[in-house]
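For reference, the structure is listed below as C-alpha cells.
Think of it as A, B, C and D in the order they're written, each chain with its own count starting at 1.
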C-alpha cells in the first residue's frame, strides 16, 4: 500500500470543475499551501469550498479567490479578505457563514455518517432561520446537517505511505476532521516516515481516511499576528 | 492544580445511592478495576450503569452485579453473564441494549452538548421502535439521544495531576468518550507522570474532562480469550 | 476442506488490494487466513484498531491488545488505535470497504438476523447493527443450514432483525448468492454442491441460470 | 488605569482557582494578565488548545502555535492540542467554566450582538455563537458606550444576535451588571463612576439598590 504521490500537482490533477473542496487550516495556520497552489495552477473553475477562513489577500485561499475559481464558500470567519466582500456583494460568490463549532461538527458528522444533529449554537439568531428548532430540557436547539466533500486538502506534520497522519500543535485545527469527510483526502505532510514509526497510540488520522500523501516543498509558514512577550512587534 | 486522590476508595467515596455511572472498557480490556472494587466496597445501591459490557462472572462489573448494587444497565453486549440474565428475567434489573456504535455516539454526544442525532444503525429493527425515524437521501435514520452520567470511572495508561490522559492500545475503547460525558470523571492510571511529560500532540483526554486521578494498584490484567499463533491457549 | 474452510476461502476472494475490512466473530475471522499472496488488506476491529495482526506467539500476549471477539491479537507496522466512538464514526461514515459477518437468518430481501433468539440467553447486538447499516458492502459468511438441516436462508427472517435490506452477498459452503430486487440469485455452487441440494436447503426460491459456475 | 485595564482587572476577579476559561479577542485576552497570584487558571483556545501560555519571546515564535486571534502564543507544562471538532465538543458540552468576550450590543434580557453590522464589511461569527450558547457562564467585557457616547447596553439589541438570553454578567469600566429575570442589576461601580453617569450611558433602566459598592 503506497499512497504517496510524486507532487502536489499530480495529487490534485483530477479535481474537476464544480468540485466541492474542504480545505484545512485556521487562518493561515495549518493550511495545505502546496495543494492550494497546485489547485490554482490547475485552473479549475466553479469550485465549492468549505474552510473555516478564506486566507488573506494574496495568501492561501486568497489565491483561489483571486484566480476566480470559487463559486461558493462555507466558512465561519472571512474577516481578512477584501476581495471576498466585493465578490459577495457583487453576487459573484455565494457565501454561507456558519458558527465555527457547528461547521466543525457538521464536517465531523459528514465523516461519521450522521446526517443531522441538534446544536444549541445559533438558536434565536438568523442562523436558525428556516431550520428546525426543537427544545430539549427546556432549551432550544437547531437541527444542522452533516457536510461532505469530493476532495479534502489537508496539512499534516508527519505521515506514512499508508496515510496515517499526526499534526503539530494548533496546526491541527480543522485538518483531521476534514480528512474524514471527503471522498478523496489529499494530505500534504512535512515529513514522510516509514509505517510503524508513528506511535500507534498517537496517530490522529488513521490511514483509512487518507487517499493521497504528498511531501511538502518546505515553503515558509505564515504568521498572521506576530505577538511577543513585552510588546507586539 | 492537583487532581490526584490518595486511593480509589477516596475517589469514589461520594458516589451516592441511585447515581448514574459510566464505566469504561471493552469486555475485560481497559476496565477500571480498582475503581470498580472500591465502588463495590462502598456498598452503594440502586446504581444506573452505562458500559459496553457487564464484566463476566466474578470479574469487573460482574462483581457489582453480584453485590446487588445495579438497578439498571445500558450496554451493547452482555453475553458472558449468567446472573445478569436471571436478574433481567426476574425483573430485578432493567436492561437496555443499544447498538455499540450508537452507544459510543450517544456518550460522545452527551459529552459534546449534542442532545440528539440521527444514525442509520437499528433502522428497521426493534431498536427503532418508539423512536423518530426520518429519511435522508432515501435512507431511514433513527433519532438517538445523548447520554450523560453523574460519574465516569475510566482506565488510562498514563496521566498527570492536571488530568491529562493517554491510553494503551485497545484498552482505550470507551474510556476517553466516557471521560467527556460525566459530571465527575475519575481516572485510574497505570503511571502518574509530571505535567509536560505527555506529548501535548498525543494527549487523548485533555485534563478539563478529568476531575480525579488515582494510581492503580497493579492488579493482574485479565485476558478473556488467550488466542495464540498456531492454535489457541 | 470442511465447510468452514470453504466459506472462509471463498469469502477471501471478495477482498481487493488495499481494502479496509471488518471481520465478524467466528468463520468471518478465519477469512484473514486466506488473503491472497501479495494482496494487502487492512483489518478494522470495532473496539478501536486499524491494522489487526495475527494472534500473538505464546508469551507475547498483551491484555491491552484484543480484537472485537476479545481474542489476543498483535499489531503491525502502520497500526492505529482509536476510541470506540471514533471507530464507529469510521464504520458509520462508510469508510470500511467490506464487512463480513455471520448470521442466524438471512432472507431474500437482504434482511439479516444475527443477534437475538427470543426466549434464549440474551446477549446484545454488539456492533453488528452499526456495521450492517453502514459498511459499503455487507457479506454474510455462514453455514448454509442449521445443524439439523433447517434453512437459515428464508423468504423472510422470523427472528428480530439486525438490519433491514443490508446484505449484498451470502457465502456458504454450498453456494454464493447475491441479493437483487428480484430475489436471491444463485451465482456459484460449492465444490460438491448441486442446484437441487442448495434449493432444498434454502427456505426461498433461488433465481438460477444454468449452468451455475463452481466456487473454485 | 485606562478603561481597558479597569475592565480586564475586574473581569479577572471572576476567575476561580482551577477554572477553564475561554477568552475572546481584544479586552478579554488581556484578562489573562491579571490572574491573581497563586491562582491557576487554564485557558482554552477554540482553535484547539488547552493551556495557552504567554506570548513568545522574540525569536521563538512558532507559526504552528497560535490562539483564536491568530496571535503567536506558547505552550505550558500540561498543554494539550486537539482538533476544532474536539475543541467545540468541549465548549458545547459545557466543560469550559467561563467564557469572557466582547460585544457590540448587550440588552437587558442577556441577548448579545457581537458579529455583524448590516451594511458593513462582513466577517463572520467565528466561534462566538458556539461559545455563548454553551459555556457555563458568559461574561461580556467591553467599554460601556461607543466612542461617540452612544449606549451599547440596550433595552433590546438592534443588531443581528450572536446569542439569545446568554449573558450572565456585563463588566465595563463604569459598572458591573448582572442579567436577572427582572432586568439588569447594577452591582458595582467603576473607580470614578456615579450611578447617574452609568444610567445616562445605558440604554435601558438599571435596577439600583443604593449604596452600590465599588469595583476595587
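Definition applied: a residue touches a chain if its C-beta (ideal position, glycine included) is under 8 Å from a C-beta of that chain, and two chains touch if they have at least 3 such contacts.
Being a predicted model, the structure only gives us computed values, none of them experimental.
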Q) Looking at CA centres, what chain is most distant from chain D? A) C
Q: Would you mind telling me which chain pair, B-C or B-D, is linked by more contacting C-beta pairs?
A: B-C
**Q.** Centre-to-centre distance between chain C and chain B (centres being mean Cα positions), rounded to whole Å
**A.** 28
Q. What whole-Å value do you get for the distance between chain A and chain C if each is reduced to the mean of its CA atoms?
A. 36
Q: Provide the C-alpha centroid distance between chain A and chain B, rounded to the nearest whole angstrom.
A: 33
Q | Contacts with 2+ other chains: residues of chain D | A | 75, 81-82, 88-89, 91-92, 134
Q: Indicate the residues of chain B shared as contacts by at least two other chains.
A: 105, 108, 112-114, 119-120, 167-169, 172, 200-201, 204
Q) So which chains end up touching which? A) A-B, A-C, A-D, B-C, B-D
Q: State the interface residues of chain C toward chain B in the complex, per the touch definition above.
A: 45-49, 54-58, 61-67, 69-73, 75, 81-85, 87-89, 91-92, 111, 121-131, 133-134, 160-165
Q: Using the touch definition up top, name the residues of chain D that touch chain B in the complex.
A: 17-18, 20, 40, 42, 44, 50-51, 75-82, 88-96, 134
Q | Complex contacts: residues of chain B adjacent to chain A | A | 105, 109, 112-120, 134, 136-137, 141, 157, 166-169, 172, 199-202, 204
Q: Could you pull out which chain B residues touch chain C in their complex?
A: 26-30, 52, 75-79, 82, 85, 88, 95, 97, 99-105, 107-108, 119-127, 167-177, 204, 221-229, 232
Q. Which residues of chain B touch chain D in the complex?
A. 1, 108, 110-114, 160, 162, 164, 180-181, 194-196, 200-201, 203, 206-209
